[in-house]
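Order of writing sets the chain letters: A, B, C and D. Residues in each chain are counted from 1.
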Amino acid sequence: MQKLDSITPIITPFTDNKVDKDKAVRHGEDVLKGGMKYLFPAGTTGLGPSMASGEKHDLLDAFAHIPDHVILQVGSLNLEDSIYLAREAKKYKIHAVAALPPYYFTGMKREWLIKYYTKLSSEYPTIIYNYPDTTGYNITYDMVNDIKKAGGDVIGIKETTFNMNDILNTKMYVQDFKVYTGPDQYILSAYRLGLDGFVSGASNYGYKIINKIIENYDNKDGDRYQFLLNELADLSRKYGTISSIYDMVEIMTGIDAGNPREPFFKLSKEERNSLEKEMNEAFKKYNFKP
Amino acid sequence: MQKLDSITPIITPFTDNKVDKDKAVRHGEDVLKGGMKYLFPAGTTGLGPSMASGEKHDLLDAFAHIPDHVILQVGSLNLEDSIYLAREAKKYKIHAVAALPPYYFTGMKREWLIKYYTKLSSEYPTIIYNYPDTTGYNITYDMVNDIKKAGGDVIGIKETTFNMNDILNTKMYVQDFKVYTGPDQYILSAYRLGLDGFVSGASNYGYKIINKIIENYDNKDGDRYQFLLNELADLSRKYGTISSIYDMVEIMTGIDAGNPREPFFKLSKEERNSLEKEMNEAFKKYNFKP
Amino acid sequence: MQKLDSITPIITPFTDNKVDKDKAVRHGEDVLKGGMKYLFPAGTTGLGPSMASGEKHDLLDAFAHIPDHVILQVGSLNLEDSIYLAREAKKYKIHAVAALPPYYFTGMKREWLIKYYTKLSSEYPTIIYNYPDTTGYNITYDMVNDIKKAGGDVIGIKETTFNMNDILNTKMYVQDFKVYTGPDQYILSAYRLGLDGFVSGASNYGYKIINKIIENYDNKDGDRYQFLLNELADLSRKYGTISSIYDMVEIMTGIDAGNPREPFFKLSKEERNSLEKEMNEAFKKYNFKP
Amino acid sequence: MQKLDSITPIITPFTDNKVDKDKAVRHGEDVLKGGMKYLFPAGTTGLGPSMASGEKHDLLDAFAHIPDHVILQVGSLNLEDSIYLAREAKKYKIHAVAALPPYYFTGMKREWLIKYYTKLSSEYPTIIYNYPDTTGYNITYDMVNDIKKAGGDVIGIKETTFNMNDILNTKMYVQDFKVYTGPDQYILSAYRLGLDGFVSGASNYGYKIINKIIENYDNKDGDRYQFLLNELADLSRKYGTISSIYDMVEIMTGIDAGNPREPFFKLSKEERNSLEKEMNEAFKKYNFKP
């Protein structure tokens, strides 16, 4: 079995509420050294929707020395901003851009979504970022094909949904197109179901576990490591969505990944200690040495 | 019956994708002259979540000559930005700020939402903007009371929900607090159920109809005008959420309110003509002279 | 203000898992004496969807001496059964039947729902029982009008939804048609918004409170009593949906209303005592003497 | 790869609205001869929730000659009825019973669901039938383990959900337990993800296609046949949920499977012809000879 594309939606380190490029680079390089192939800055885990256009550009700049490993998330509620970033991505020659559809607003027409992706991907090859639970829009295979027919250069999709049927449909019905799973829980399934890769927020801290999943994708140990990763992802949510990842990175890799930015509130010391304790229990339960 | 607070979440006129302050002022003043009491810039209808912090400030600036009539929506995914705007609001002495809770991101802890509103409203009196369908969070009466207990200066709530029970609960269980309905459809109900006011996207173009609803709140004509407004709001959604309002303003008031900004795509001429035709049919059906 | 139609979806007393007609009659008569106008047997509160056709007929039989006060819920997943009961209702000359749409099954065509109600109501005047949360189908005003056009004799609707807009639309757009609110929380709103009546599960035990709501619909005491009723309904859900009502009836009226039937499990003694204590606290809080 | 358990939720043939045992036997035997291992009468596809207890017993009786191949769905809103059928199942020595949780009613306590399954499965080995979209309750792995701890003899679960993560969790965290996929779309995935079997409504008519999926589970042809089956399932929903299956059985197997029962309305001749035409197009598209 060929190795699938592995993608890390890296957290954005903030210092005094500003993007901290140095910390971003140190963390990003660690993740790549750990075996992941692409960094995906300004995604959901990277707090992308909370960032100004210029801040996303800071991240592009931070990783200018390793463009082949970068997929910048440029989707936003202002298409001009998104297009600007796609043009910059072209200058920087990164692997591709990715784009959330519009979010927050309800009632967007299907044709507007098609236009949005067609315009944007005409600037630079684009990976659709489908996350129906947060955006309210499900980008289904027929829409992808309509974007392609309209001339859009969409090259893949990140499917952040537990609905495996939607994922398999897109894999089946869209030609020459990479289909990546989004939930941390679906890494093993991406291998077993013949998909093209996976995006995993948990890879910010858990790339060693992911390597074990990959090595053992065809035996029971694969399940064991996948379920360990799932439990860490559950802990992350329990202690504070996204915020906890900054601590988990430091706990598992020793790297200082800075802070989140409010309204994502930093974990208190008590919370962090309790989180670390529960992480260690999970490691023991699944017989994993971090 | 005393007149309730009437609030218009004004659209933001864009010219070449920039905020057009002159057009904003002309439109805003027209709405106030038409009988509405407050302008609510940078709300959902105003495409607030798509605007940079500086663009929201442009709107604050545009209405600096009529601060008593302004409620600026400052909620965002970056609390520092929101706080900055609340401080500016204080300098400009506007009536109050309003704030959406964080949106897009799932799994925010209840205590984070409390902190968010407590910190923000400590800067300037704040109207909570509750819109569960777009934000994913329902700010219920018990949360409002917890914000107050924590020292927050929240003075009212815009309830954009069809769940009247949630609205009535907040009215009953929170003391010294203004409860405003959000859906266009609930203006008449705000009167009949003894609430404090209403926010109506349809008032951008339909303030004359709203005046009729108010005059006739205690008789059958009130229903007739309310249902006319509802049908216009339905048409607005049918022809393109928010985008259509720019056309409807020009059709009903003659004022050029500029353009929306993509991914909100402007209506084509055919769409606009068809919309105008359907609007005229609605006027006839309800025997209303615009 | 004219008194609205008041309807009690009475619980079904079971003894050894059989319908206990005597207890049903004693409880039903008490509720009518308490001021309610109609009994609504075999509704949701009456566990109708769990009852065999013959058991629903038992309830029809139990109330044969007061047919003018009876609205039997006959909707089911077997239209032949429902039609049989509608024909029996005709023989017994009760006020009307009511009918849930099909439930459980997803994907029923709109035209099937229209046919279902048209066929059924051709047998006897029918009140539509709209409860989208449990059935998965929202019977909207346009569907009601289509049923009427197809020859169905639907005379009203029980709207069990918190979406007041749907309720008001049906009131506005369907002619000669009674619109009843379903949630306990909307009794006061039914008066203030000019609807035709209300159905309240809480009236099984709380009819005295309901009388107070009605007497005070135009003043602040109306709110007070409505919110007391709401809190009792909340307690009911907390202690065990529907099961708790059997205890609440005995606690507030002294009448033995039998038992629910599993999988609705009877409250333990501890649970009942705790429920009674919380009910008394609610009475005190709202200054009500039961 | 070992062959997985294959289960057909057979439709119930009605003649004049009564269960037609002869037709049920003819259809059921055809499906078994076609390669399926178990019949699952009175499931959703079998219109189980619309059937009286005695009618479910008729189906038990109809298949008394092949008890090893029968899993009777006995779950209902009256636990006494369900227990009665489980006891009958014991007498008939069928493979197992299956049981939906209570449905329609909202707000059932978790402990009630545990009790329901514990009591029922104490009578006879029980397969949990988890179908959150229709029942409103998601029976998760922790609940299954609690049922086992309470002494229940639950031996497997039919997971009718597109959420593959829930399915995989139950497989991982419940010991000695069969996990079957429910959606037609997940037959191939059941093989590739190492589950124990599948239940497929489409197997009523499409068992030949299913055999092809199984033969080719590890190559691209597996996908092709799976997607053909998916398209047939889509057609089935388009032409009328469940009702269309009666026609599809006759079209593909030549067997007269009787009629559905209203409110499941029989397809008109035009609808049937159109359905048959679309089926033939699907066969051609996927190069399948029925």
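Everything below uses one rule, namely that contacts are C-beta pairs under 8 Å (C-beta built on N, C-alpha and C of every residue); 3 or more make two chains touch, one makes a residue touch a chain.
If you want to know which protein each chain is, UniProt gives these names: A, B, C, D = 2-keto-3-deoxy gluconate aldolase.
Fair warning: this is a prediction, and the values are worked out from it, not measured in the lab.
The set of chains touching subunit B and also touching subunit C is empty. Taking each chain's centre as the mean of its C-alpha atoms, subunit C lies 34 Å from subunit D.
Put simply, the C-alpha centre of subunit A and that of subunit C have 49 angstrom between them. If each chain is reduced to the centroid of its CA atoms, subunit A and subunit D end up 37 Å from each other.
In subunit D, no position touches at least two other chains. Taken chain by chain, the contacts form a single closed ring in which each chain touches exactly two others. Contacting chain pairs (ordered by label): A-B, A-D, B-C, C-D. Within the complex formed with subunit A, the residues of subunit D that make contact are 162-166, 168-169, 172, 183, 185-186, 189, 192-194, 223, 227, 230.
Residues of subunit D that touch subunit C in their complex: 17, 44, 47, 49-53, 76-80, 102-109, 112-113, 115-116, 119, 133-136, 237, 240-242, 261-265.
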